[in-house]
Each structure stands twice: as structure tokens, then as C-alpha cells.
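Next come two complexes built around chain A: one with chain B, the other with chain C.
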Partner chain A sequence: MAAIDSVRAQTRQESLFLLVPGVLVLLIAFLFPVGTILITSVVDWTEDGVFVLTTSHFEKFFVDDYYLKVAWRTLRLALVITLATAIFGVPLAYIMQRAHPTLRFIILLMVILPLMTSVVIRTFGWLVVLGNGGLLATLVAPLGFTGRSAVLMHTEAGIVIAMVQVLLPFMVLTVLGVLQGIGRELEEAGRTMGAGFWQVLRVIVLPLAVPGIVSGSLIVFALSLSSFITPSLVGGVRLPVMAGSIYQSIGGSFDWPFAAAQSVLLLAATLLLIIPYARLVRTSQ
Partner chain B sequence: MLNRRHFLRNTTLAVSALAAPSILRAQNNKLVINSFGGAYEEIHRRLVITPFEEMTGIKVEVVTAYSADTLSQLRAQQEAPQFDVAHFSGGLETTAALEGLLSPIEPSELRNHDQMYEFAVSGISKGVGPTYSTAVIGLLYETNQINPIPTSWNDLLREGIGEHVLVTDAASNTYGLLSLLMMNHSLGGTMDDLTPGFEFVSKLLENGAVVVSKSPEIQQNFAQGSSWMAAYAQDYAYTLTKAGLPVRFVQPQEGAAFAPITVNLVANRPNREMALKFIDLSIRAEASEGWAEALRYSPTNRTVTLSGEVAEQVVYGEEAARNLVGFDPVVISDKRADWNEEWKRLLVR
Partner chain C sequence: MTGLAPPASAHLMAGALVIFTAFVMLVPLGVVIASSFSESQFLVFPPQGFSFRWYREILSSEAYLSAAWTSLKIAVIVTTFSVLVGTPTAIALAKSDTPGRATLSGLFLSPLVLPTLIFGIGLLMTMSIWLGGASIWGLIVGHLVICVPYVIRTVSAVLSRADPLLEEAARTMGANVWKKYLHVVLPQCRTGMAAGAFFAFNISFDDAVIALFVRAPGVETLPIRIYGQLEFSPDPSVAAVSTLMILVSLALVLLVDQAIGLDRMT
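Moving on, here comes the complex of A and B:
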């Protein structure tokens, strides 16, 4: 008995040891910087070099309709992007799951390949398509849309289109994973009992796919809340989002405490939406 | 801010104390300077650095560092400076001079002093080194679409070109800020009151002007044919011309803003004589001329002779130089954060 106990204790120590690298990385690369940001957001330096606690950086955000506007745009865009990604991603994942393996592989390749390219490059692709004299403008010109009306650069619609393309793989892959766990015989049983195609989708497939759709949406939502490159390149300076505003506070106005406060608010907003959402899924399961 | 700087300085002091022996040894046979890297540094070598080495037999060590970087290094090394000569663009030399990081120069210490335009050497007794060439912010226009040639900042409001005007973000781009200050100046505004400038930009936006924040976006917009007029820098107009675009620069009648590029004497270094020689060589006519020919920076030495295309594409001659407007970089750095807030509100949709 004693021998077994000591082996058990040893195993436990060994697995603890395996945790060390991960915990270290988390500590250095996540907890430390996030902690620094948290502290920066609530302190002020006085003339004599002492720092005092303050809420002034947060007040600046809330008393100002400019920053509230930026926050609202960020939230609104993230919701629209998540919804659009689900509308495009879920059917695509379903088709992939049902398709012949060769076709599935080809679609999978098409979905994953963009992930191998940097977001900057993909976004520049959109600049060419959406910009002045771009592909879109050329296509709609015969229909009578010319000038500004044919250009989606520097519009929220442009941001949504580019972001959906950038984030679609995250939705498709997550939903596909869940769909593959649903037995084909469930659908077949439904069909033999007289349900039509849409009814099977609505009553059997969609409810079972909910956990996948939810986790896909969470990933997409969190990524679009904090996205910086695509909104700033496609949207431009006149449509600022939170990440761009934080960047501006650091690099343009050299106001690090205010940048930190905005970061904390962005993090809080993400958690506030994600935690109840995740709870909901767990209870529904 | 002050405290963080003290902390930095003290840390660097400790570090540089450790490295001190090698520094002392190196002082007498080399000159340490910064330059801005890339094509700029190559031309810098050809125009100034190599001629200096050949003339004096002293080796020049070039550290590639932009202005902001150079300033923070000078601050950190205050007790034991490592640079003999520091080059700045964008106004940071005034900050450095105020902090005592740069050494004043007497006019008699520079052989070429009397050849310089007044504005280029006006700060040397306070530590702001001579402006050896300058970027100029005026109007860029598309030669096929814009006729007649613009002559005034007000031409940005010209009928029918509203959607084809480019405005550069003043909150993130120094040339954009200088454009805003220049528009403001042309309408009688001062650094204490930017209202005329903001109102002007607001009219441009109402007319449909496009706002960009980075230089490549300017090139992209001119290349796609969607932009016909923009407020920006002369040297960038030349970049567009070299790229084959029909774009020209013009200095409006109300004046154009200049963004000086300066060569400064670092304080508390033992190589003063040699460093002054380097600065003197930097401001001689051949160098100023070379910058104009290679990159279309405007000369600040009165005796420079330019001809043909180059003369047309830079601000050249006494009269044109008189029409250059300078903005106090200290006031800019004091007020920039407030201006940024107002600017962002003006832009946001």
C-alpha cells in the first residue's frame, strides 16, 4: 500500500511539474501585463512623484459622448459581425459535414487557407476590392452606381464584409466539430418518420448544434470586439473602434492611463457578455 | 513624466558607468552621430559623412535612430552622452535644447553660417542646431484634373472637387498636423486658437473630402484617380512623381509650413571642434543642393544654385523662402493632446 501511495504522490508531482511551463508563460505574458494595465488605469502621478488612486481616467470615458459613441460602434459591429458569420458559417459547416469527403476536403482547404495568410494581407485584398476603382465599383458601374455610392471603403458595411471573411473559419471549424458528433441516423430517423428537410434541420440538427454555434459565436465576438487592423484599414480614421481609440491614446496623445482605462473597459465588456452566455450553454446542456 | 525620466536616466547612468572605459578610449578618433536609415542614410553618407571622413581622417560611427528614439537616448545618457552630433526632424530638437541636452553654437564657430537663411540658424545660440534642409507642407495636385493650378489654401474648397480632396489625419501624422496649422494660419488663426482651421477642415469634410492617416494611402488614392488635391509634403509629392503619377507640389500664396531637419551639437562631449566641423560641412551649399536633388528637401543655404526641374520642385530662392511658416514645436507638444481630442470629434461619424 505504502508503495502505491508514494507512486501516486510522485505521479501527482510529475504532473504538477508539467504545468510549470504553461503557468510561467501565463504569468509573464498575460497576468503581468494585464495587471500592469489594471494598475495604470487607476493611478495618477502627482508632481512630487507619488501616485494616488483615481477614477478620473474612467470618468473621462463615461462623461464623453465621443468615447461612448466609439464603444457603441464597437459593440454594434461585433454583434452584426457575429450574426453574419453564423448565418454564413453554419450552413457551410452543415454542407461540409454532409458532402463527399473529396468535396469536404476542398471546402475545408478553402476555409483554412486564408488563416495561413496574415490579416494585414487579407485586409489589403479587401482594400483593392472595396476601394475606388476597385472590383466592386467596376461591377456595379453598369447598374448606375458610380462615385461614392459604389465604394464601401470607409463604411461600416465594408468593415463587416472584411471582418466576416477574416473570422469565418473560426465559426465554420467550431460548428463542424460539433456537427460531426451528431449521428447521421438521427436525421434519417426523422426523415422516415415523415419530417421534411427543413423540419429535420430545425428540430434535430440546429438544437444539437447549439453548443458549437455558441462557442463559435463567442470566439468571433471576442475577436471582433478587440480587432484593430481590419477596422482601421477598411473603416479609416473617421469610424474609430475601441482598439483603434486605445492605439490613438497611446501613440497620438501619449495618454497611457486613459489607454489603460479603455483596455480595462473593453476586457470587462467582453467578460460581461461572455460569462453569462457560457453559463447559459452549460445549463442548457 | 519627470519621475519616469529620472528613473530611466539613473538606470542608464549605472549601465553606462559599467561601459565607461571603452567610451573614453573611443572618444578621440571617431565621431558618433545618428541618421535615419535606408535611402536617406545612403544619401547622408554621400553628401556629408564620407566627405567629412576624407577631409579629417576621423571615422564617423552612424547609429540608425529616428528623432523620438534619439531624444530618449540623449535623455537617458545625459550624464555621459554617447552621441557627438544628433539629427532631428519633426521639432524634437527644441525640446532637447530646452532640456539642456544640446549645446549652443556661436555664429562665428560655423564658417558657412552667413550663407544660411535666417530661419535656419535662428536658434543656434539656444542649442537648436542649424536646419540643413527642410520638408515643406503645401498643396499636392493632380495635373490632369486640376486646372488652373492652385495658388491658395482656399483652393481646397474649389467648386466640383469636394470628393476628390484628401485630408491627412492630424492626430497621428505630423505632416497632417502641420497642414491643419497652416490652414488655420492662412485664415488668420493663431496657435492659441485653432477654430478657423477646424472650421475649414469641417467644410472640406462636408464637401466629401476623404481622410487618410498614412502616406501610402495618399499614393493609393492618387493612383486610383480618386484624389486630385491634398495638403501634404513636397518630398512626398516627389515620391509620387517618381512612381509615375501626374502629381505636382505648389507653395500657396499664404505660405507653406516647414518641417526642419536639423543637425545638432550634443552637450558635454569632448569632441566639440570635430563635431562643429561636421555640422559646418552639413550646412554647406553642396550638401543642401544634394538633398534637393535626391529627395526634394528644400535648401536652407542661400548660395545654393538649382536649375530646371529641381528648382521648380522645391522651395527655392529668397522670396519663396520668406514665405515659409514655422510653428513652435514646444507649443505643439504642449497642446497636441487637446488638439487631438477636438480633431477626433470633428472627424468622427
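Moving on, here comes the complex of A and C:
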């Protein structure tokens, strides 16, 4: 027994030693900066150089119509983006599960490749597609859509389309993970017992996929809340979202405490979604 | 079995959905590539003519070359440190008797799901308050936070398939701690480390969000240069740079697939 205990003590020691670099990075590069944001958001510097606790930076956000509109736009866009990724992503995950391995790899590659290219490049592509004289305008011109109606730049629809491209993989891969866990046997059982294809999908597959759809939706929603580059380039200055407003407070008006307060709100909203997400993922494993 | 096959209508709808998705996912990248070979000054679609003039232009542009060099330097440093930090972390998390394993792994992977922008802002504020301003090292640290989790994931994925008895065998046969790690544990991690390195390189090389916030004087990465051009007047030279970057990403994705298989990264 003593030998086992000493072996256990030694592996424990090894683990602690192995964890040192990771914990250091986490402290220096993650907890410390996030802590700085939290502190900056609730203090005010007086003229004598002392600082006092204050909620004024948060109040500024909640009393101003402009910022409430920005928050509402951010939430609304995130909701529409999540719905759209679910509508396309869930069937796509099911197709991948049933497809031949080659086709599955092709779909996987086409879903992952945009995710792996720089966000500035993806967005640039959308600027060329959605903009004036772009691909979409050229395609729909013969159908009688010309001028403003054919240009989705600087519209919320444009932001949604461009964001769905980026976030679809998160939905597809999460749902695919759950579908693979279900296996095909239940479906086959349903079919042999006389249920039609669509009935099996509705009664067996879809209900079992719900945890995957929920966790996929939570992650997509959280990621779209904080997205920055795509909404600011496609939406432009007329359609600011939270992230753009934070950037403006930092680089434009140099109001860092206000930027910190907005960041805290964004982080809080994200955590509200991520915590149930993490729980779901853990139980499904 | 034929009786259980999905009906023709399902096949038709599946085909339509796959083609539509392919369109939405790939067309934006396709138009960038197509525009890079344009002859004209302006970005219009369809592109006019065919030439390599924008490639010649960027390859002789001091600004693009120095941005590319900056990005490359940062990505190499970030990749090296990510592997050095992520691998031991993943090894520790794979051991069943590491205390607080679930909590720790949640904490280590959390940068994957938290807004990247928060790290950028936090680092900018931290550096301005305590270190007198942003520097290239702030950017490197910021990239490290978002890259290490990928290495942890890829190495963990490989270790979950590894044989735990090997490590025990090495110990009972008298290998000391160093030998055990060098000859038994690390070789098991190799493919995961490679895949993690490719991810880390790609993420650092492509990042614009942290780089936009932690902008140090005189440090301009390639994505920041592209962002700047998009804000005012993009011409096909941006498309040429972007095409080269897409090729780098594609190569790295295929390398990850070679190393551990893309479907293990889900």
C-alpha cells in the first residue's frame, strides 16, 4: 500500500509541475487583463490622483438611447444569426453523418476552410460579393433588382449572411458530435417498424439531437455577440454593434472606463450563455 | 436494405442544401482569388482581364513585405511557445489523478469560447497602465492565450487514444522521470503537437482582432494592413495578398488533417 501511495504522490507532483507553464500563461495573459477590465469599469480617477468606486460608466450605457439601440441590434443580430445557422447547420450535420466518407470530408473541408482563413479576408470576400458592382448585384440585375435594393452592404441582412458563413461550422460540428453518439440503430429500428423516413427524422433523430442543437446555438449566439471585424466592415458606421462601440470608445473617444464597462457587459452576457453550454457539453460526454 | 433508403425527395433536398452551402461558404473566398488576377485598377465583379500585375505589385511593396515579415515572426514565436506551454498542460490534464481536472480543463479551454476582443482590450489596458504602452510582446502574449487551447485540445485528442499502460510499463521497468517523458510520453504526443502547432500558426498569422486593439507603434501585421486597406480603398492588391494567405490556411488545414484527422477536431 505504501508503494502505491508513493507512486500516486509522485504522479501528483509531476502533474503539478507540468501545469506550471499553463497556469502562468493563464494568470498573466488572461486573468490579469480581465481583472484590469473589471477594475477599470468601476473606478473613477479624481483630480488629486485618488480613485473612487463608481457605477457611472455603467449608468452612461443604460441611460443613453444610442447605446441601448446598439445593444438591442447586437442581440437581435445574434438571434437571427443563430436561427439561420441552426436551419442550415442541423440538416447539414445529418447529411454529413449519413454521407459517404469522401463526401463527408469534402463538406467538412468546405465548412472549416472559411473558419481557418483570416476574418479580414472572409469579410473582404463579402464586400466584393455584396457591394456596389459586386457579384450579387451583377447576378440579380437581370431580374430587375437594381440600385440600392441589390446592394446588401451596410444592411443588417448583409451582416447576417456574412456571419452565418463564419459561425456555421460551430453549429455543424456540435450537432454532428451528438448525432454520431446516437448511432444509426435507433433510426433503422424505426424504419423496420414501418415509420417513414421523415417520420423517423421528426420523432427519433430530431428530439435526440436537441442537446447538440441547444449547445450549438449557445456557442453561436455567444460568438456572434462579440463579433467585431465582420459587422464593422459590412455594416459600416451606421450600424454599430457592441464590439464596434467598444472599439470606438477606446480609439475614438478615448473613454477607457466606458469601454471597460461595455466589455464587462459583453463578457457577462457571454458567460451567461457559456456556462450552460459547458454544462451541456460535459453531460453529453 | 433498399426499403430503408431515404426517399428521392430527401436526396434531392440534401443535394440542394449541400450545393447552396458550398456556394455560401466558398464563393467569398473564390471572388477574392478571382479578383487577384484582375487587370483593372478597381475591384469589380466579374474581374476584367487576366494578369499577375497585383502579385508583382505586392511582392515589390515595402509595406506588404514588412507586414508579412512581422506576421511571420510573431506567428513563429507564438507557435513555439504555444506548443511548449500547451503540451505539458495536456499531459497533466490526461492523468486521471490530477487534482481538479475538470475545472482546470474548463479554465484552460475557456479562451476558445470567450470573446477574443476581451483579451485584446484587457491586454491593451494592462500594458498601458503598468508597462507604459503596447508592444509587440503584448500582441504575442495575446495570441498565446488564444492559441494554447488549440494545442491542449489536439494533444489531449491524441493522448485519449494513447495506451496509459505504456507509461506505467516504462516506470516499472526502471525508467526515471526524464526518460519516461522523453522516450514514452512525448513520442505519443507528437502528432497532436504538430496539429496544434499548425493551428497556432494559422490563428496567430490570421488574427486581426487582438492586433487591432493591442496596436503597438511601428508594428503592423498583414491582417491589420488588409483591414486598413478595406477601410478606405481596396484595390486588387489586397486580393492578391489575401489569396496568398488563403493558400497558407488551406495548406495548414490539410497538414492538420494529415497529423490527426480533421474530424477529430470537432
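Simple rule for what comes next: the second predicted complex is superposed on the first by the 272 of 285 C-alpha atoms of A that agree within 3 Å, B and C clash if a C-alpha of one lies under 4 Å from a C-alpha of the other, contacts with A are read in each partner's own complex, and residues count from 1 in each chain.
We take it that a residue touches a chain if its C-beta (ideal position, glycine included) is under 8 Å from a C-beta of that chain, and two chains touch if they have at least 3 such contacts.
Just so it is clear, the structure is predicted and the values come from calculations on it, not from any experiment.
Who does A:220 touch here: chain B (first), chain C (second), both, or neither?
A:220: touches no partner chain.
Chain A residues in contact: does chain B have more, or chain C?
Between chain B and chain C, C touches the greater number of residues in chain A.
Identify the partner contact of A:236: answer first if only chain B is touched, second if only chain C is, both if each is, neither if none is.
Only chain B; A:236 stays clear of chain C.
Where does A:133 make contact in the superposed view: on chain B (first), on chain C (second), on both, or on neither?
Both chain B and chain C are touched by A:133.
Between chain B (first) and chain C (second), which, if any, makes contact with A:209: first, second, both or neither?
In the superposition, A:209 touches no partner, neither chain B nor chain C.
May I ask you to decide whether A:167 touches chain B, chain C, both, or neither, giving the answer as first, second, both or neither?
A:167 sits against neither chain B nor chain C.
Which of the two partners, first being chain B and second being chain C, lies in contact with A:49: first, second, both, or neither?
After superposition on chain A, A:49 lies in contact with chain B alone.
Kindly list the residues of chain A that each of chain B and chain C touches, one partner per complex.
127, 133-134.
What does chain A use to touch chain B in their complex?
That would be residues 45, 49, 66, 69-70, 127, 131-134, 147-148, 154, 236-240, 248, 251-255 of chain A.
Quick check on the complex: what are the chain B residues that touch chain A?
Going through chain B, the ones touching chain A are 1-3, 163, 169, 171-172, 208, 210-213, 220-221, 224-226, 336-337, 340-341, 344-345, 347-349.
If we count contacts the way the header does, which residues on chain A are in touch with chain C in the complex?
7-8, 11-12, 14-16, 18-22, 25-26, 28-30, 32-37, 40, 88, 91-92, 95, 98, 104-105, 107-114, 116-129, 133-135, 138, 161-162, 164-165, 168, 173-174, 176-177, 188, 191-192, 196-198, 219, 222-223, 225-226, 228-229, 233, 243, 246-247, 250, 256, 259-260, 263, 266-267, 270-271, 274, 277-278, 282
Over in the complex, which chain C residues touch chain A? Could you list them?
Residues 3-4, 6-7, 10, 13-14, 17-18, 20-22, 24-32, 35, 43-46, 84-86, 88-89, 91-92, 95, 97-99, 102, 104, 106-108, 110-111, 113-119, 121-126, 129, 141-142, 144-145, 148, 152, 171, 177, 202, 205-209, 212-213, 223, 226-227, 230-231, 234, 238-239, 242, 245-246, 249-250, 252-253, 262-263, 266.
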